[in-house]
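See below for the structure under consideration.
Chains: A, B, C, D, E, F, G, H, I and J, in written order; residue numbering restarts at 1 for each.
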Amino acid sequence: MIDTKNLTQLGTQVETPQSPEAAVLETVPFSRGDGPPAIVRFTCPEFTSLCPVTGQPDFAHIVIDYAPDSALVESKSLKLFMTSFRNHGAFHEDCTVMIGRRIVAATKPLWLRIGGYWYPRGGIPIDVFWQTGAPPEGAWLPETGVAPYRGRG
Amino acid sequence: MIDTKNLTQLGTQVETPQSPEAAVLETVPFSRGDGPPAIVRFTCPEFTSLCPVTGQPDFAHIVIDYAPDSALVESKSLKLFMTSFRNHGAFHEDCTVMIGRRIVAATKPLWLRIGGYWYPRGGIPIDVFWQTGAPPEGAWLPETGVAPYRGRG
Amino acid sequence: MIDTKNLTQLGTQVETPQSPEAAVLETVPFSRGDGPPAIVRFTCPEFTSLCPVTGQPDFAHIVIDYAPDSALVESKSLKLFMTSFRNHGAFHEDCTVMIGRRIVAATKPLWLRIGGYWYPRGGIPIDVFWQTGAPPEGAWLPETGVAPYRGRG
Amino acid sequence: MIDTKNLTQLGTQVETPQSPEAAVLETVPFSRGDGPPAIVRFTCPEFTSLCPVTGQPDFAHIVIDYAPDSALVESKSLKLFMTSFRNHGAFHEDCTVMIGRRIVAATKPLWLRIGGYWYPRGGIPIDVFWQTGAPPEGAWLPETGVAPYRGRG
Amino acid sequence: MIDTKNLTQLGTQVETPQSPEAAVLETVPFSRGDGPPAIVRFTCPEFTSLCPVTGQPDFAHIVIDYAPDSALVESKSLKLFMTSFRNHGAFHEDCTVMIGRRIVAATKPLWLRIGGYWYPRGGIPIDVFWQTGAPPEGAWLPETGVAPYRGRG
Amino acid sequence: MIDTKNLTQLGTQVETPQSPEAAVLETVPFSRGDGPPAIVRFTCPEFTSLCPVTGQPDFAHIVIDYAPDSALVESKSLKLFMTSFRNHGAFHEDCTVMIGRRIVAATKPLWLRIGGYWYPRGGIPIDVFWQTGAPPEGAWLPETGVAPYRGRG
Amino acid sequence: MIDTKNLTQLGTQVETPQSPEAAVLETVPFSRGDGPPAIVRFTCPEFTSLCPVTGQPDFAHIVIDYAPDSALVESKSLKLFMTSFRNHGAFHEDCTVMIGRRIVAATKPLWLRIGGYWYPRGGIPIDVFWQTGAPPEGAWLPETGVAPYRGRG
Amino acid sequence: MIDTKNLTQLGTQVETPQSPEAAVLETVPFSRGDGPPAIVRFTCPEFTSLCPVTGQPDFAHIVIDYAPDSALVESKSLKLFMTSFRNHGAFHEDCTVMIGRRIVAATKPLWLRIGGYWYPRGGIPIDVFWQTGAPPEGAWLPETGVAPYRGRG
Amino acid sequence: MIDTKNLTQLGTQVETPQSPEAAVLETVPFSRGDGPPAIVRFTCPEFTSLCPVTGQPDFAHIVIDYAPDSALVESKSLKLFMTSFRNHGAFHEDCTVMIGRRIVAATKPLWLRIGGYWYPRGGIPIDVFWQTGAPPEGAWLPETGVAPYRGRG
Amino acid sequence: MIDTKNLTQLGTQVETPQSPEAAVLETVPFSRGDGPPAIVRFTCPEFTSLCPVTGQPDFAHIVIDYAPDSALVESKSLKLFMTSFRNHGAFHEDCTVMIGRRIVAATKPLWLRIGGYWYPRGGIPIDVFWQTGAPPEGAWLPETGVAPYRGRG
């Protein structure tokens, strides 16, 4: 049985954390068994942060793949963590990588990658792709298949 | 046989006109015969003009449907006309309608409509749809089927 | 049983006709029974003709819908007829409508429409849509659903 | 409760009927209640028959919409009926309409339409669309949305 | 301000109702103001019930459009209602219409329609489309755009 | 020439308004000329507000079509207005209609419609479609073509 | 000829097993011949289980690829096994891997992988990808091509 | 010039073979020249066989890639061979591999692979992928890109 | 500056060559600089030739990728070359490879590949993929992404 | 904190540079931390230049991927740089590679690649793919997924 007694957010009405610093990524134990690691993918099409220069909202579609070792991200805490960027200002590149590093710090996975597909500014969208290293040997890791930006027509 | 002796641009190396005013839309005679009018569609994914306020380039995908009466737009002159907006400044709404009115003036069609699908500015694309009236009775007029804008994801 | 004894092309090795004039559209009897007319659609993605001015090849994707009365187009003769435009020069608008009129003449249908989706020249494709009148009352006539031209991206 | 005691095929191991004539379309009672009729759609991508001239197999994707009055088509009997065309020879137009008429005869619906989307022969696929009359007033009848044939590329 | 004091399920941990009869569709007051009615669409891709004959699970993708008058469906109660069919046996046609009628009974809308897109059995999926009458005059009601079933390839 | 001297936001660095009430929708004069009205479409895939009950973020893709009479929405003010919902709590139905009514109040168009496509909650997304009346006679108003929600697979 | 005499479920009316433990995965002998192993893919878009914490239904689209050695999964027993999760509570990660391990235990394949594409909860869908090791050398294993989740718009 | 004098089926009216055993796969000589082998792909969306247990029809979409050495499959004989399975009973896995092995026997290619995408039974489609070994070094072998099965919605 | 003085076709009105033998592939000098070679892709959806046995037209969609060394294909001469197959008879496999070899002979590239996607005959389209060797190390060579043939539905 | 004091274009109203030579690509410092490099993708569907021979406009959809070392491209300067090609004449191959080399010169990245998808001329679009070397080890670099050109139908 899964040990959930340390969780403070799951099954409780909790406030949205006001900043990424205030958000707590919680975990549940994972027993990965024999063979190559499993890959777990979170797709987050509801993400918004602020431009660090102008303070105007930015939007992104975020995809996270990781290979958990002994801890899974508890998904409600992940949702609250993602929500906590709502009033946070950062450049696209820094923001994307920071999300990845926070999940690494919380779960100490065998491997993690993150893709941030940001909405266009000045007619040009920016995508940021980062991973902690080459994917684990023998694991199955499909492409994300996110559609390319195409403008109009 | 089609009378093309009045055409000054087709089959000749001509300069790109420097403004819509300088461009000449030429026509060829059309015999529409019995029955409902034919509909002719031009799809122009290569269109650019300038923002009238900032002078920065704007881009659009333009679709034109018309029901010729006794004159067809000569297609090379149409291409040159569309190209002539390259250094022309206008708002999206005005620019789209102006293109439609110019073709009306040149060909006196039974009917015309134009759709301008402009690339996003400030995260919001603008589409402009204009026609000279209800489509002619009994004519076949398929939807344009231009894909909606979807941002990312 | 269907009377096919008048057919001269079906089931026989015949030469490709050298011009639309040389092609013969043959028919088979059709008994349309009670109720609204049936609609029959031919989709012809393999069509090529010549530019009447330069002699260079043009290509089109052609869709024909018709409501047969007492005669069906025999499909092998249709294929040969479409092939006969290979060395024929005509403008897109004239060529499309001519195909439609020839089938009307051969089968005397209750109604017919034709769409010609021509490949781009000068960056601008031309579509031509023509029909003999409003579609017959009570018949089912789905949209053709041909994808719009979109350039690149 | 639905009266199924007259059904001879449902819930029984039955042989595939060897011809459409041998197939029996069975029905179950339907109580359509107040308001506009319901529309029921069957999509049959597994259909094959024979060419009446050459005996070679033909394939089609068939879509049937009908507005049942007091009888529904029992779906296992429909499947067996569709299968019974496997060794039946008919032209596309006749075959499509015949399927529609058989279901009309069996269920006496308020209305029925059928679309046959046949695989290409000689590079040209044929679609056949037939219905018993204009769709019933006030009923909801979405388009079938079957993708158009496009050849290659 | 919206009066939610009568709601017994929203914001409370409630058990999944064991049958449609046990489920309670709750409503919240709606002030529809001037002009044509608004249309509200629920898309429910997570739906399962049982075959009334064999007891085996059936799956469907359900889309509901309605024009609320003075009451909105409270969405958590809708979710619980849809979930309550998990152990309920019914034919596709009856089940789809029953869901529609229950929402009509609970909210007394100006109008409602429901589409049930059932997963294939015997190679043939069944769709059921039902509405309470012609859509309200002047309202905007887009097509559902649900993709047609296509088998393989 | 277009009179822009009354505009207080365009071409100026302005703060994001903190609420819809604080946002000011500005307009520019529009001369609509002869014939049917033009239709202008804004597509806003970057929209977020708050749940009025739990305070958690909601996301939507919003499409607005209107027929301007003598005033166009100034697009920068529209963007700021849409952004002003970031800290605003409202139900999906009310929020969607409110945006539409605000633009009506600001521009007094001949007609307007708005579609709000909200991200799923509890596995069920909600769409809200509202318009001020039947679309203007003789105007061209394409479908929005927004893809239906499909869950997974 | 294939030896099916040990099969207890195929060709028999059997009850849906009430739990994964109660379900029996049966096999049929397979002779894989020379050369690299064949890959067999099952696509299961009809899958539902329960949340282990709240008891609410979860839904998933499951894809299984395996390289059989001397035993194939008998497909009716596979269907019954998948159905047996209907009242089973498990986290997405555990449930997905458990299905894979059960098929491994039953068929002792050369290799197996499983992908679970779960419907979104809290706006974030979870995918789980697991395999027993690197795919067998020389086998052909296409991507699953499951579409990515995209929210709305 | 290509030697076709041994061909007994091409250019002749031949009967459909009644079984795979009765079908003859004929070949034409191929000169593959310098460099890596060419890859030839046949796509066969019109395929049907019988269930070996129930005798009911099965349908599949079949894709064959091979690297010819000194013999090409003559395509009319391939078509007749595929047609010969119409009254043949076999399991999906065996049938798919058998087709591949027959083409190997007839043409002795450098390499061959075959994918069988079978229509769903019991809600679960089965795909079978088999090849004779790793693809030849230096050859170009694109993915087949066959769309995954998705059920409904 | 690019040396174009040897070109005899570019910028001149030239006749369509009557055979591939009569066509001249011209080149312009290319300076490929440091690093891995560039890849240049030509997509030719307008291609037609003749069946060498029956003389009937064949159609194909052709994609050519090459890594130029010191010479680029002059694109007008390429177009004329492709057009020259209009009256040329050849089997699909031979025709595709021949086009590739002619471009190799004319430009002596570091590497070249060609894909011919031929329209279906007898219900089965044929694709031919050929390349001169493994792609150059360190070059970027995306998949062509040509959609697979799918028949109907 | 990011040092932006050297930036001369960001946050300032600047003129569009009249040529690529006049455009200045500015950078901001980047700290790439441990592990494999991040990949940053710019998608530029709004690009136009001139044909060096005829002076007529060319259009392209450009995708740039790079692995920044210690400097990021400042995105407003990138936009101005791309805009500066509006009156610049160059062949597709040279133009594409030149853009890539300029970004390399400005940011000294670990690696860069560029894809230029040019609109068709003479019915044949040209794509140009160039990179500075093999992608960095351990980095995540998804395919661009740009749709292939398909002509009509």
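The criterion applied here is as follows: a residue touches a chain if its C-beta (ideal position, glycine included) is under 8 Å from a C-beta of that chain, and two chains touch if they have at least 3 such contacts.
None of these values were measured; they are calculated from a predicted model.
*Asks:* Centre-to-centre on C-alpha atoms, which chain is most distant from chain G?
*Replies:* Using the mean of the C-alpha atoms as each chain's centre, the farthest one from chain G is B.
*Asks:* Go ahead and note the Å separation of the Cα centroids belonging to chain C and chain E.
*Replies:* One centre to the other, that is 44 Å.
*Asks:* From the mean C-alpha coordinate of chain I to that of chain J, what's the distance rounded to whole Å?
*Replies:* That gives a centre separation of 27 Å.
*Asks:* So, what's the distance in Å between the C-alpha centres of chain F and chain A?
*Replies:* 30
*Asks:* For chain A, what residues touch not just one other chain but two or more?
*Replies:* Those would be 45-46, 54, 59, 61, 119-121, 123, 125, 143-147, 149-153.
*Asks:* Report the complete set of touching chain pairs.
*Replies:* After working through each pair, the chains in contact turn out to be A-B, A-C, A-F, A-G, A-J, B-C, B-F, B-G, B-J, C-D, C-I, C-J, D-E, D-H, D-I, D-J, E-F, E-G, E-H, E-I, F-G, F-H, G-H, H-I, I-J.
*Asks:* Would you pull the chain H residues touching chain F in the complex into a rising list?
*Replies:* Those in contact with chain F are residues 150-151, 153.
*Asks:* Give every residue of chain I touching chain C within the complex, in rising order.
*Replies:* 13, 15-16, 45-46, 48, 54-57, 59, 83, 86, 119
*Asks:* Where on chain H does chain I make contact in their complex?
*Replies:* Where chain H meets chain I, its residues are 2, 4, 10-11, 28, 30, 33, 35-36, 38-46, 61, 63, 68, 72, 75-76, 78-79, 82, 137-147.
*Asks:* Quick check on the complex: what are the chain J residues that touch chain C?
*Replies:* Going by the criterion above, the answer is residues 45, 59-61, 117-121, 123, 125, 146-147, 149, 151-153.
*Asks:* Enumerate the contact residues on chain B facing chain F in the complex.
*Replies:* Checking each residue of chain B against chain F gives 52-54, 91, 93-94, 96-97, 101, 113, 115, 120-134, 143-152.
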